[in-house]
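The data blocks that follow each hold one structure.
In the two assemblies presented below, chain A is common to both, partnered first by chain B and then by chain C.
Coming up: the complex of A and B.
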């Protein structure tokens, strides 16, 4: 990744609004345009130094699914004809809004 | 003149206006009055008769009411004005009356026959009355459905009744056509053409599956009903001279189509899927005239490079790649070169195929020429925020040498659908999206406008022609991530030079940035 500087950690932490923390590979999380901008050292956000992103709009259950998607994407990024990831119906709307927010 | 001897009676009023038209003519009136007089005898008897002998003896008011209109009425004015306008009221009154009599008198008498004798003599009158009643009933839905469409659905009904395969809905000034109007065509069964004078022989059995011909030409349609594309039995579809902006990609579902006419619309580009229909050349597809996009100005004659036909056929693969290197000799020259390249490659493949089976070579060619810039779209389908130096999006989609310029960074060009898309697909599959799009619900969930428009799109897809398919990998998608126009040569093999009438634009939409790959120069379909 272009953004990864020497010294910045390989893993970052995503924090949900109800306090759940998800430690996730930086390269996977940067699929999200939002997270990528937050962690951009040139962006001047505090997240780029602390490597912790707090999301006051996303709760733990949804953020878990989002992390699952990050790894799903990472795992299959070079393959084709991948089966779609399944989401519990009750989470769809919240995931959709989270995806819109995260630009994923 | 055979004028009636006595003032006509009310039961006859409906025949009178007709009789008056005969009156001045003199000829023919005798016949008509003869008929009238015969009728009148019956009617006179009917209305002048006293109470039937075996009449019911009920003294209640209703029975008396039933009797009342049977009393003789005194009418002033010319006899042919009698009963004008009151005809239907009277008929209804009689019908009501009949109801009573049938209910309480078990004995059939001459005086009881008012209705049945009339039914023989004035069935026309009854028909008119029924027609009036029918119109009254129609009036309510007619407010919801435009008149032209009501007419169209009647035509469809007639075709259904007669088993006609050609449904002609042209010249109806149709502005819209709803699913429910078209849907009955699913039930159409071909009428058997033979008159069975003998038992059918073995080869006379044929399926009754219709080959629908649907003619919607010269209307004012701006969109087509989704149900139209489920009518898989359509073999001929004419949409000539309408106001369509776009031909839906669902057209590819009409696999039995042999004739398609979309000329005279406002179509700027064709769906990519139409290329599949044009391929093979068994189908007759008329696209022009339409304001189709052009890759570049092709109207002026181009100084043909000194290629003779012998040279063209002698180009082999290595020369083909050298042609590819000459990319920057001006767009027009490039297009000509690519056409020749495509022809060469096609000729080679035809040569190879000819050895296996000897199909006659088709005269019509489909050869890829050029693409416009790829328009990259964000997760919610909105154009990406442009980096500096990116040309503004051009609605003319001009062809370019380098369509993949300004592509997003390579790390993002996967084939994996975005989380947004995946969540939207799940939502579409498991929920009724319209529920979320109610303003109150949208406010409650704080749905942003981008999400709302994406959900609108998904809802429209599931209500209409379904989700689109990626023009690259074929998987379905709701939100397109990139789109561009490809220009294909469609003309005869003998045509040496490109002109504006031999290039067709096809819009391609793809499901992911990874799928956004333009066709290779030299690609052809046959």
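Coming up: the complex of A and C.
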């Protein structure tokens, strides 16, 4: 049953603090508890109508890796012995902070 | 030895004007011929691959698929070409493939012969192009000659082992070594880790109870990466305390919690420091902890082997906020120091958890605890070799005790009376009672629990072969205590071979009474080695109809009467089940594990030692199991 309400488009936009925008699937992004809550129409956040989430503490490079993680996670949802996603160690700490913030 | 120069035994072919000219311009005819033949072979191979997919195109009717396949063939061929590090080569191959694909796309069915003809044309083109190209390309000088390195322009002697440079020339030995190193690093990054090491890690995770269906969380991945690169980390910045704790757990697990990495975890505003393996840390490191984080309230140091008297002094000096203290294996602290610690910090302390103390810490020290730590709520004394029954007699004086966990050494005899008086005095307040390995405890202790404990949430009585089934049954029948959340009665059974006259330990009647009383709230059930529980009893309790909504962990190891139907019943009765441990249950075979459950300990060689749920539901799993076992 496809929902035709304004608030459930299939793709949503994530915006980093340096202006990069990433359009990703809603189902992948909602792996993050924080984003799921932001986009929840019952939550009362404005993001649920605009489908755009702005992150003022996460920069573009980190946000890109986060999006990559979302797709990697969804792709391997039902498989076992999944190989770990690769990312450069320099990015590690910022990515950890972002992951913690996004609850993912 | 060999004082012949490398070039001295070179065979010289016929000299003609042409060869002289070529040699003078650094062109080697033999080289050209070899290159051409090699390229021919490769082009042939690629064309076969291209033709293979071209045939498939002819079978399909849709144009889109043709284009896609042609594209794929072209890409595949060009990928092969790229690996050979000859820049010009790639371009030629690409163009040829694109041409072949175009021609193949346009061709109708059954046009094989003309295709061959086209290939012949392409052959000729190739040959001409290649020859022409190679005429003007710098030929590789044969071994023995001097050549300039492509990368660093140094002059070096060409040997049969000289590596190719990125543009087709040769490189000197050091640059060659670097190139191979880079290539290897690339390769290693591209391929997966060796199967053995990765599988072991996955199995270790599973035995830890983490069922990994799907990928790990991003936080977990990052933390592992940080642990991998622990050498390069200076500080962790502004992360919340829970991340610090998880990180310190992983560092400890990987044995990299050492003086160099410790500062990463110290931040002045933390109120909990938890180090699971402090084996590498020395006196100065402990002092550093207390210096940097003086307001710490909660200290957990396990395997704190180098925790000495002077550290305790320093801690008492710097930290006046400590409420919860957990020190495992702090064997270098002497008795007077323990006394000092409890005297000074005692009134504030709410938690004392000490394990593995062999050298010091005896009944007198416990006396100090009892005297000075009036506010103590949580006490855990396990594996402290010197404490005796006296300790058990002293504990009732701690009036505010809420959580009590005791395990005395094997060699100490602790009579029932002291335990009874302990339970009688502290019972009403206790939420946790854990009495491990009290072999002399008898029914009176359990009776005391029944009468006096009204707030228990966690109960453990283990490794006892004296208390009878009837006593346990009486415990759980009409007990004022609300349903328990954590129950552990492992190894309560008769140690002799023949069945005793009167059932010992947690047996059928008492197990039924237990599940009757606590089944609704129970989360953790451990009845390992309770071998007197009968099959009928298991079947009645885990019949599939009665639901135990919170039960997440069950350990039924070494209960020989368990068989497959009972396991099926467990799956059905426990919707929240995450882990089922069943070592030594030899009648359990061919289990199909539903989603989200980890089954650990299957005895047959064909089943993996841990199996965990594939993506099927409970009903389906049970259906399959019934079909197999009949």
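The rule we apply is simple: the second predicted complex is superposed on the first by the 97 of 104 C-alpha atoms of A that agree within 3 Å, B and C clash if a C-alpha of one lies under 4 Å from a C-alpha of the other, contacts with A are read in each partner's own complex, and residues count from 1 in each chain.
Operating definition for what follows: a contact is a pair of C-beta atoms (placed from the backbone, for glycine too) under 8 Å apart; a residue touches a chain by one contact, two chains touch by 3 or more.
Note that the coordinates shown come from a computational prediction; the quantities given were computed from them, not determined experimentally.
In the superposed model, A:72 lies in contact with both chain B and chain C. Look at A:104: by the touch rule set out above, it reaches both chain B and chain C. Contacts of A:96 after superposition on the shared chain: both chain B and chain C are touched. Contacts of A:45 after superposition on the shared chain: neither chain B nor chain C is touched. When the two complexes are overlaid on their common chain A, residue A:20 makes contact with neither chain B nor chain C. For the contact definition in use here, the residues of chain A common to its chain B contact set and its chain C contact set are 66, 69, 72-73, 76-82, 84-87, 89, 92-93, 95-97, 99-100, 102, 104. Residues of chain A that touch chain B in their complex: 1-2, 30-31, 66, 69, 72-73, 76-82, 84-87, 89, 92-93, 95-100, 102-104. Chain A makes touch with chain C in their complex at residues 66, 69, 72-73, 76-87, 89, 92-93, 95-97, 99-100, 102, 104. Of all the residues in chain B, the ones that touch chain A in their complex are 378-380, 409, 411-412, 414-420, 422-427, 430-431, 436, 445-448, 450-451, 454-455, 473, 475. Of all residues in chain C, only 189, 192, 198-199, 202, 212-219, 221-226, 228-229, 232-233, 236-240, 243, 615 touch chain A in the complex they form.
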